[in-house]
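The data blocks that follow each hold one structure.
Consider the two complexes below, in which chain A is the common component and chain B and chain C are the respective partners.
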Partner chain A sequence: MNERSDRIIFEEVSKFYGEVLGVNRISFNVPPGVTTLVGPNGSGKTTLMNLLTGLVQPSSGRISVLGLSPSNPAEFFPLVGYCTQFDSFPAGICGYEFVLDSLMLHGMSVADAYSLTAEALDRVQLGDAAGRKIAGYSKGMRQKVRLAQAIAHHPKVLVLDEPLNGLDPMARAESLALFEELGRQGMHLLISSHILDEVDRISDRVILITGGYLVAEGNIQHVRREVRDKPMQVLVRCDHPEMLAAKMFAVNHCVEARLHADGKGVFLRTGDIDQFYTLLNEIAKDGLVKIEAVAPSDDDANAIYQYLIGSDGSAS
Partner chain B sequence: MSIYKHSYRAYMGTLTPHWSRIVVLARYALAEAWSSKITIALFTFSMLPAIVYLVGIYLANNPLASALILRGNKTGLSIDAAYFLKMLEGQSWLALAITAWIAPRLITFDLADNALPILLSHPISRFGYVFGKFLALIASLSLVTWIPCLLLFAYQAYSSPQPWTWDHLSIAGGLLTGSLIWIALLSILGLALSSWVKWRVVATGIIFAAVFVPAGVGGIVSAVMRTKWGLLLNLPVMMTEIWQRLLGAPSVMRPRQDLPNQAMATMLVLACLVSVAMLNARVRAREVVRG
Partner chain C sequence: MSSQTWSAYANGLAQKPWGLWFLQGARLVRIEVRKNLFSWRTGWVYFLAFIPAVILFIHLLFESHPRFMMSDDTVILAGIFQLYYIRLGVFFGCLGIFSRLIRGEMIERSLHFYLLSPVRREILLLAKFVAGSITALMLFVTATIACFALIYAGYGAEGRDYVFNGPGLGNLEAYVAIIVLACLGYGAVFLLLSMMFRNPTPAAMLVLGWEAINPVLPSLLQKISVASYLRHLMPVSVPGQGIFALLTVETEPVAGWVAVLGLLLLIAVVLSYSCYRIRTLEIRYSAD
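Up next is the complex of A and B:
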């Protein structure tokens, strides 16, 4: 075991199901923090997570999680928690028993298992429902108890497959706050989700995958900058948006201007973000326009998904 | 760049031995198996023959009751290896019925519901998962095979004059060994066949078929080719011969029809190996294939 490793490393990992491609030659090196796995349905996200957790074996390539190989569950799973998207539980069991039995399978003593169960159920805020049969749970409650099961044994790596599905807005916010907190504390979180707007707020980096191929990987803002064929969009809040738009159009790199609906800002699209900010500085210094706020409006996971994968799920 | 306080700590407490985690799985499986009223009904029914044999032992060892009920005719109530062989045979076929009901509950549900990704995301191997189910099935089948048989043996030992026990101790060994061979075979066969069938009721039927269809084929082979080797496919006949030899009871086979021990052992090992291969191919975390 490599004690010093704190990385999740994929090296040229491929997985084929017979002749069907799962993922092909995936390589990345992820430090601790929150990483979002983004891709359309059938893109290979779940295969990637199953590979990471050792539930399927790669056809080729090497996987290392904190210096450990997923092929040895006894060493591996004490460090890894996996919240699958499958809605399956042993029959007749209540939420409390489900988490408790999971901890017993992890090898916790009975006393530790009881205290960790209470802690995990408290963290996901399942409340009194923990004592009820899972068969009677709503989809959101099932999601919560699965999450509790995944975090209960204090893993260092948490793999979450569509963890926000079925949660109401309040529960989603609570879950995201929990993920953010765990990420800040130094835990690895790998999250796949279709709710990009919300996951985007807590993500340190993004992995884009489509058709089994890695499309992009890294810090979201950096990935956005690398997408050079799609001019970046910036929202500038100011007192004279029309005048600002006219000034900006005087330079070649500014390709689109669109007034904000409230008339107090303008969306500007530029092919050279560095020159754009330099020019904006000069305009502000000259005092022609009083600028209140400047913010990129398409450097989130959603925009990157649209640009690199497309709304139809095909890589562009 | 944000400065984060990396305060997260993994669990550092002591862990239980790996074998004890398999017991947790076995407990799950037992709860699943015995949550059905049909399981309880089958178990209750399987105790009825044991009660009849208990009464037989009581009558054989109680002169007064024997005189009243059997009127001195004790020819059919000799408590010996043949008596326990009959009991073991009956209990063993009831164990087949229980296996056909329980085994699919233990494994088909998990496979159909995609529960394996959750279960195998723990520090347990696929072997551990199957072994946990296997233990649950062995424990359940023990309740209707060697446990009642040995209890009746103990009762006979208690009721009869002391020399009987020491003279017939091999019967107890045979009951235990014969039962364990049978329930181990049934368990692994039941789990393997269940893992390949999506519908539980169909799995139940297939477990019966796996025992009796080859027996029919073996009978045809024996008749057409005028050979005794077709009996190797006949599990009921083969097991009866194994139990008879283990208990030291008189042979039930026709002359020149008896099978060599090595051949029977090879067939049992082969059946187990095929079952293990079937489980190995089937029991794995569901692989989601893109359509």
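Up next is the complex of A and C:
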């Protein structure tokens, strides 16, 4: 498989709804793994996902998913599953029928369809509720059955629009574990979610979008490093955090220090991360401070969102 | 055929492009017929289809049927077909069934599930058309046979003689053929209208008006009409008197096979354009 046929590629893709901008000149190239799509309401996240799956057509540009185009559904949709945020279903059917009907349209044998339906419903842990009419489901159960339908045919690309909406904390944890497992299996997962703290734990890459424009795209740590005007924050766990803070403030790239609530660590902000780590190594070698752990504390999707888009949703 | 044999057959079929399309189409039809035929939303179409049969049943129970009335009842049956079923019953029934197939799912926000399946959109549209046709035909053909049986049942031996030894069965075949063509013709038109307009009802009213004035239009324009083709297939003509004269006006005579081919061609053209439209259909529920 060549590189292009292993990726989701957007090339200069624009979508206008009449005179209203959906997304404008979006380009990215996503390898397998978990990618989080981040942006405020109305930023174009759902438009991007609908473009990827052919529910809307681009006004200009080219979209390729594993080398395939959504205009050829017979080849495209066996490889792609999309869990939309449209909270509606065909009238009068139960969860089991919903997943089974969808699998039958793949042209597989009835026995395979039954087997995959049971497997998918088991994976989302819908349990006995699968035999009940969807009209009587809670929001969380409807979310689960949509997810079951999207993963039932074992797609290679899974697009999830706000998949954690309506789920209770336990179900959210189960879903995240499932996404993480699917990502580890080499699947493409493109997830949009408002619950960034949770999605961030399983995400490799981030696509930031606001007002229909791409703000940043790539590996989360790399994107964070590119945001040079915002000092990076690092949590250092050590036995003498006050002493470490004093040492660090002796250099001019360290701009902020805040003790951890438990008193056994310090959050340090630095404008030059390479210099920071060099100095930290020297302090550790001198043996003045016993360092137990060092971890960046603001190179997650949430922090990048705050830095690049801000709480008001406008890109800075 | 056992389930294992069927499964092996389906697997073999799915390996071929045409076979896969056929299999997907057949499964779509099954899902759609189940949804359309056994939905409470179709209740009023049942009413439209069977109300003449109910009236004829009451007539059968409470009215005497002297032999000399049979020719009058034959004309009444022709009138029920030409003036009620073709003009109103099948027209509005098909409007209800076929406009729901695409537009109804847009309104219910569930069409995207089909568009996200590995089914060519043309297959999806044609399968929906077939499912709508099966639903409409099951209702209106059954109603046609019921009306026919009920109108001659009261005449006893003479009625049976008319049906089995006279022109009765021929007339029934013609009525069934007309109902089939009417369902397919109006179905194709309303399926297209439902993709073109958010609310296809005003457009359907224009079609109804067009069908009403069609007999007085020039010959070329008469060809763009479902009812004009069907008119030429009627086995019994209804004498036009009073206001009914407008609905039963005589038009340029056309051979039966020309009328059937003309209507099938019209259906093929409308479905081809619908296939073209569904290829570019977008899911924008908020705009609908």
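Definition applied: the second predicted complex is superposed on the first by the 312 of 316 C-alpha atoms of A that agree within 3 Å, B and C clash if a C-alpha of one lies under 4 Å from a C-alpha of the other, contacts with A are read in each partner's own complex, and residues count from 1 in each chain.
We take it that contacts are C-beta pairs under 8 Å (C-beta built on N, C-alpha and C of every residue); 3 or more make two chains touch, one makes a residue touch a chain.
Worth saying up front: this structure is predicted, and the values here are computed from it rather than measured.
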Touched partner set for A:L116, first chain B, second chain C, both or neither: first
Dominant contact partner of chain A by residue count, chain C or chain B: B
Partner chain(s) touched by A:P78 [first = chain B, second = chain C, both, neither]: both
Contacts of A:G92 with chain B and chain C, given as first, second, both or neither: both
Touched partner set for A:Y17, first chain B, second chain C, both or neither: both
Which superposed partner A:G107 touches (first chain B, second chain C, both, neither): both
Shared chain A surface residues [contacts with chain B and with chain C]: 17, 50, 53, 55-56, 73-78, 80, 82, 84, 86, 88-92, 101-102, 104-109, 149
Contacting residues of chain A [partner chain B, same complex]: 17, 20-22, 32, 42, 44, 46-47, 50, 53, 55-56, 73-82, 84, 86, 88-92, 101-102, 104-109, 112, 116, 146, 149-150, 153-156, 182, 184-187, 212
Parts of chain A lying in touch with chain C, wherever the complex brings them together: 17, 50, 53-57, 73-78, 80, 82, 84, 86, 88-92, 101-102, 104-111, 149
Complex contact set, residues of chain C against chain A: 3, 6-7, 10-11, 14, 20, 23-24, 27-28, 31, 35, 39, 41, 105, 108-110, 112-121, 280, 282-285, 287
Contact set on chain B toward chain A in their complex: 4-11, 13-18, 20-21, 24-25, 28, 31-32, 35, 109-110, 113-115, 117-125, 284-291
